[in-house]
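Shared between the two complexes below is chain A, which has chain B as its partner in the first and chain C in the second.
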Partner chain A sequence: MAVIRDMMPAFELFQPTTTDEALGLLDEYRERAWVLAGGLDSFDWLKDRVKRPAAVVDLGGVEALRAIRPAGGGLEIGAMATLREVSRSPDVRERYALLADAAEIVASPQIRNQGTLGGNLAQDTRCWYYRDGWNCYRAGGTICYADTPTAMNREHCILGASRCVAVNPSDTAPALVALDGELEIHSSGGTRVVAAEDFFVGPDVDIMRMTVLEPGDLLTAVRLPDTWAGARFYFEKSRDRQVWDFALAAVASAAKITNGTVEDIRIVVNGVAPTPLRLRASEDAVRGRQLNDEVAARAGEAAVQGVRPLNHNGFKVALLRNLVMRAVRGGEA
Partner chain B sequence: MELFEWGSNPWGQETLVRISWDLLYLAFWGGIAFILFHVVYAIVWLPKLARANGGGEAEAGGASVPARILRHTSAARFFHWVMAAAMIALLITGFFPIVGIQFPWVTIHWISGVLLTISILYHIVHATFFLDFWSIWILPADLREAWQRVRHQMGQEAGAIRKHGKYPLDHKLYHLAVTIAGLAVIGTGIVMMARIDGALWPRNPYLLSDATWGLMYVLHGFGSVLFVTLTLTHIYFAIRPEKLWITRSMIFGYVDRDRYLEHHDPQRWVVSRDSTEG
Partner chain C sequence: MTAPAVLPKLVGQRVRRREDPRLIQGRGTYVDDVTIAGLQHLAFKRSDIPHGRILSIDTSAAEALDGVEAIFTGAQIAEFLGPMPVPTPFPAPEHRAVAADVVRYVGDPVAVVVARDRYLARDAADAITVDCEPLPAVVDPEAALSGQPAVLHADFPNNVAVGPLPAGTGVGRGGQVDDSAVDGAFAEAEVVVSQRMVNQRLAPTAIEPRGVVAHFEPGKETLTIWSSTQNPHILRTHVAALTGLGQDQVRAIAPEVGGGFGAKINIYGEDLVAAAVSKRLGLPVKWVEDRSEAFLATIHGRGIIGYVDIAARRDGRVLGLKLRLVADIGAYNMLLTAVVPTQTMRMANGTYAFPVVRATLTEVFTNKTPTDAYRGAGRPEAAYFVERAMDMLAREIGMDPAELRRRNFIQPHQFPYKTQVGALYDSGDYEKALDRALEKAGWEQLKAERDAARADGRLVGLGLSMYVEICGLGPSARLPNGGWEYSQVTVERDGRISATTGVSPHGQGNETTFAQMLADQFGVPLEHIRIHHGDTAVVKQGIGTFGSRSQAVGGAALHLAGGKVKTKMAKFAAALLEAHEGDLVFENGRIAVAGAPAAGKTFAEVAAYAHRPVKLPAGLEPGLSEEAFFEPPNNTYPFGCHIALLEVDRDTGEPRLLRMVAVDDAGNLINPLIVEGQIHGGLTQGIGQALVEEVVYGDDGQPLTGSLMDYAIPRATDFPRFELDNTVTPTPVNPLGAKGVGEAGTIGSTPCIVSAAVDALGGFGVRHIDMLLRPEKLWRIIHGGNA
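Now for the complex of A and B:
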């Protein structure tokens, strides 16, 4: 079990100043390397001594990864841009307020000053059985300690579980999926661009990781196409306390509405499934229709089809339904 | 190389988790090594033996034997191919994710496992009541003949060696290995179904203790990696030129009279005119 010692195990610390230098280190150390961005997820793992990398590659000195700039009609945000920089960026706020709203509600002001967009997207799950070093599925074992009659599973999955019931904790992830964002990943083998929806990996596919990032990979930038720029956005995060807390459930939506009719819409939730979940059935219930309470209710009902609540998180069903309804209504009423 | 993976349970006790996946690679490369060895053996050694034996000879007096002899009934062939499909699906869904090819595999895996289980149950009933049950099992006479054949291969005096009955010893050995590995994976696989949600049952990962689950995973793992070797070698022998007549019989059901008389002892595998009927 994990023991918090506030003293990290020994590792080699590297502080590259260029992306190429960082990639060289990641390629050299592969599985034994740990990428350090803001450090807010990393230091828990290291201080708890659950993860013991041989090398830590601190990206704090790679200035090229911090830029926020227009690109191809949309916007490109460096993975090392802090959440505060993202939420305060005029470009982001003006055209992609959904992402700005999501970044602005992460944790606390101190954490937003330190935490990065890339780190927030790539962070590991917060399931405490896993984080505490229990030998669960996600840690390479053959059991989920959170999925038992007596387990503390109030914060876990109600949708999409496959053996492991941990949820994705990122606030910016559902916004990015709703905006049809793309992620640029570099490695020694080249560069690939992955749709935000495909960036996240569920336990049905790989139970030991949350994203498609492989050893040697470096998430360098997030691209926002102009598809949803300036749309009507809605972001809401439900949590136990109003600051420094992870979402019990969060919803991000982007809608194109003309004369009260929904031309197109994206509805994405997080905190209820192992990955940010795009609710296509809810989108279909709304698309092409006049916005009213009945349509919103239908979208809410579609969202909770197939839910499998655990012993202590049945409340998430109503929470999810209502969040989706509110997202469709755009927060009115 | 490790044999097992160990972990600790919530009480800090060390428990078995599963076999080490090193064994998967060992099973795979062991199978490849065996195939390569056999290729060399078939090229270098078998022709010498054939010359020493004066070539294969068909038994005289086969006039009463029909031109086509039924080797596998349609029911037996149906079982074989269903089992083969299920086994391939199980191997792909079980091992591809381990070697880095990720996809949602759990549902396909357990459904294939259920299909395999049903096909094996069917086979047990069919073989017990409708086929010559003992023809596939290793009997004392097989062991005596096996020793004779070993001596013959080594160039020693071995006496007259009788031809096989319906199944030669290598087929019987393969069947025995498949039976053991199959029982291991099916028996443990059925218990492991308790750990996933099914249409008729809720998951219950606490059905057994950590240590007993570990044992289940280990037995399942051993059986599974054994199937990697068995499947590789089975496919290899199925496509070897001198064995194609056997493979064809698993597709079409029949062997012809010459093959029958060349490889089998009519007194040990008795056929009649009825044997031409499917």
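Now for the complex of A and C:
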């Protein structure tokens, strides 16, 4: 294994201007194609010389994929809308501030200017063993290097692992799940719409993918229904430094509260499991109840039932509990 | 006739950097922008194991690639390039720029590829197969002192590179040690505080990685080398020596350099290999470091463990300090590797008149990237150990940390002050800086606010640290290449001024500050002055930029050269004006008799006359160009006081810096705006060490922080607005009274951040927290170590 990389190997570059053109290329190259959106996850893979696609399909010129527009009482956001466009969109900000807050906290301003919502949702895991090109389960091998006695696994799973213990790193994903969002996926065979919660795939289902996207598929748009528009939102991301860092744990919550009673709530966390995780037991502990510290504590306890920390990430258990408690309280001390 | 415009005095003014417009607009020329017809590109094949014996290297697949010009293994390079230079006074093992038999750290080069383009060069390097017999990796520097699990260099038993080297009270010139005074002080103590502290490894991380272009021209037998270096003249010396050329045959150029922070002082193997390969092949070659390569191939900073014992009486009188240092210097001695930790010893007194001090240093080889100078280079480590110990003592005896410092300061009347460990402090008024900082921070009110926040359940802490450091490096006795600086000032025929300086600025702003000085000296507009630097063919001599020496040493040389030209120009003007040269004043672009400006000559008129002196005044040569070398008699010792207010989130452990107050005393200031910029940058890196930065190696010797995703550098959002102020205590060691400020911010800030965190979490029984202040670590303290 080479120690120094930083220089991309050769590939064929395509820059389509329409969705159909892009789909044609993805169909032609299938698993040898790489979809390039903002390029932030992609270029790391390419420069590290770990992924070596034959063709790169750059969506930067497909204008149709960038629109943010009202649709069916809700909102439709093109997969190529940048994170900044999402966080600064008045439509998103006014009705779905949860997604705006999540998009606003990704990485750094430069990355938000370049990175896209679709790319942020579909990004690969950050597990360094996998990213460094080790032949682990996720890379098609027969071992998880992050779950060995000497592994460095401070950033890995405490919940829901199955052989692979890598976590989903997306900040916008839990917000989208909490908002009951949907994703529109095109391929040469047609169009399908997938609920956000079903879009993300854990290793128990397919250990080599993070999402339902398969070769030939193109994520084109994200739809937000009006279900949670204007609800009480809470987003918090805990990390080692204040910018340009992935979550150690993140929580996204949407709640409908009347006279202090929680009529309905969504609590979704990320950074602790292979997929963004909706915490139904925590939601049940809160739904229909008067909002108080005791209820929040119960939700926090429910969140950490069944955790299986690794050698170096036990701290995430308390982090998860505390973030869920804060999310239930909604930012009020 | 209109009265001449009045030019303002510029020294002391907040003049904006003249360098910035071109750099901000992308018009700077860096090494990677240099191109030459026929240029070939180098890529280094590097070891991916920390320690191993090279059995064989197979280059056949790489050689078969179309466009690969040549491949040299370490053994082949050794045929035409000698071992790396190590001019420090300590013994050093042989170090080859490209390893020939044993690799000693991940990143140690084993072969170099010369190819048509850099992508091909990288492909070819990947295609080289190296067969190594792995040897045990030496990772823990203290365990390494038993010679386990391996010895890196056969001539250095137990991996000891230097030491144990004693200094301070009771240590004679020959190194003989008398413990009685130190033991006596500790026996007399009412309280002794002891702590092991780790000052972790850091990666300097300049925005521009290193790079080199070497061009040997066989017809002329000259070599030109462009390098991202802080000291082209020193580079020239070593490149010439190692390629078998004379210094007259080598020209070294430091074009725009995108930051160095000490890491670009070093003479690197890649530069020497590029020069030797260019000479060997008769072709120009380029190598530009990748970002991930920089984490392995560029020196690291810090990496030193300190065992501190401080003895005191309960009234706060410190009776003595012991500091035992173990430096983890990595695999080899680079240019200053062995010297940097000695600076930590040398600053063991801090700002205090400790009656006895004993420092002991051991430097240890490990299978890691070598350490060398990084911003502060030994002084931040000293300030950290001493100030953290003072903070622990203050907590132990229940005294305000500011008051404890005040009771132990070296007093203004004691300067020049010879410390127990042999430094000669030039000037200082520590209490003044402390008081200014306390006032600026609103210390008493801050303490009340902290206590109120705690009553509300918040974890808020206050940290205070003093510092004193070494600036203005030389003098020559202390530096292997000399410690002077050089400058030439020329008044051109049209009255413009060209000046050269042997310092090699890469962010210090000397094109601005030096022009300010000359503008005032000659009474001409700033726009009429150019400062040239960074090219040994343009600047005849020089040492370079490091150790906060540009202003204190380089500025002094400029001032002296300018004075010589001015004296000569006054003689020409006196001849023209038929006046006495002693009556002349230089102001507003004119040279005139004092009190009668209208009767004078313009600066350009006098300059033109000096270049066509008809007739030539007696005793003068034509022309207006003079040079000066300035040798400082001593270092300068700037100082200051930093105060931090920090809050830790009880639920997540995340630290947040709420306030950062820095009062620095760098003597006289030429440009306060640039000084503030230097302090901002220094604070950023000093706070970065406390909060986010750490080079981490696994127990197997593999680096775990090999990219900017894993090695965190601080970002603007990590900081509050910095609150700066200064006091002015001029130095007597140079004619400007300027001490230097490049490293100050890095030195004072780190301990005060950690002390603030300890204060915030003091309720949980913690006395000291080793850096960095990772949220997880703080959270564990809050929760008693239980998840």
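Heads up, the rule we're going with is that the second predicted complex is superposed on the first by the 329 of 333 C-alpha atoms of A that agree within 3 Å, B and C clash if a C-alpha of one lies under 4 Å from a C-alpha of the other, contacts with A are read in each partner's own complex, and residues count from 1 in each chain.
In this section, a contact is a pair of C-beta atoms (placed from the backbone, for glycine too) under 8 Å apart; a residue touches a chain by one contact, two chains touch by 3 or more.
All values derive from a computational prediction rather than experimental measurement.
Undergrad: Identify the partner contact of A:W34: answer first if only chain B is touched, second if only chain C is, both if each is, neither if none is.
TA: neither
Undergrad: Going by the contact rule set out at the top, does A:R326 touch chain B (first), chain C (second), both, or neither?
TA: Only chain C; A:R326 stays clear of chain B.
Undergrad: Hey, is it chain B or chain C that touches more of chain A?
TA: Touched residues of chain A are more numerous for C.
Undergrad: What is the contact status of A:V205 with respect to chain B (first) and chain C (second): first, second, both, or neither?
TA: First partner only.
Undergrad: Tell me which partner A:F235 touches in the superposition: chain B (first), chain C (second), both or neither.
TA: In the superposed model, A:F235 contacts neither chain B nor chain C.
Undergrad: With the two structures laid over each other on chain A, which partner does A:T148 touch: chain B (first), chain C (second), both, or neither?
TA: Touch partner of A:T148: chain B, not chain C.
Undergrad: Please work out whether A:F14 is in contact with chain B alone, chain C alone, both, or neither, and reply first, second, both or neither.
TA: neither
Undergrad: Do any residues of chain A touch both chain B and chain C, and if so, which are they?
TA: Looking at chain A, the two contact sets intersect at 1.
Undergrad: Considering only the defined contacts, which chain C positions touch chain A in the complex?
TA: So the residues of chain C touching chain A come out as 43-44, 46-48, 106-107, 118-119, 122-123, 125-126, 290-293, 296, 651-654, 656, 691-692, 698-699, 704, 706, 709-710, 712, 714-718, 774-776, 779-780, 783, 787.
Undergrad: Using the touch rule from the top, collect the residues of chain B that touch chain A in their complex.
TA: 5, 7-10, 12, 17-18, 97, 102-106, 195-197, 203, 205-206, 210, 213-214, 217
Undergrad: Flag every residue of chain A that touches chain C in the complex, lowest number first.
TA: My answer: residues 1-10, 44, 49, 108, 126, 128, 150, 152, 154, 238-245, 248, 309, 314-315, 317-319, 322-323, 325-326.
Undergrad: Spell out the part of chain A that touches chain B in their complex, as residue ranges.
TA: 1, 134-135, 140-145, 147-148, 162-163, 201-202, 204-206, 308
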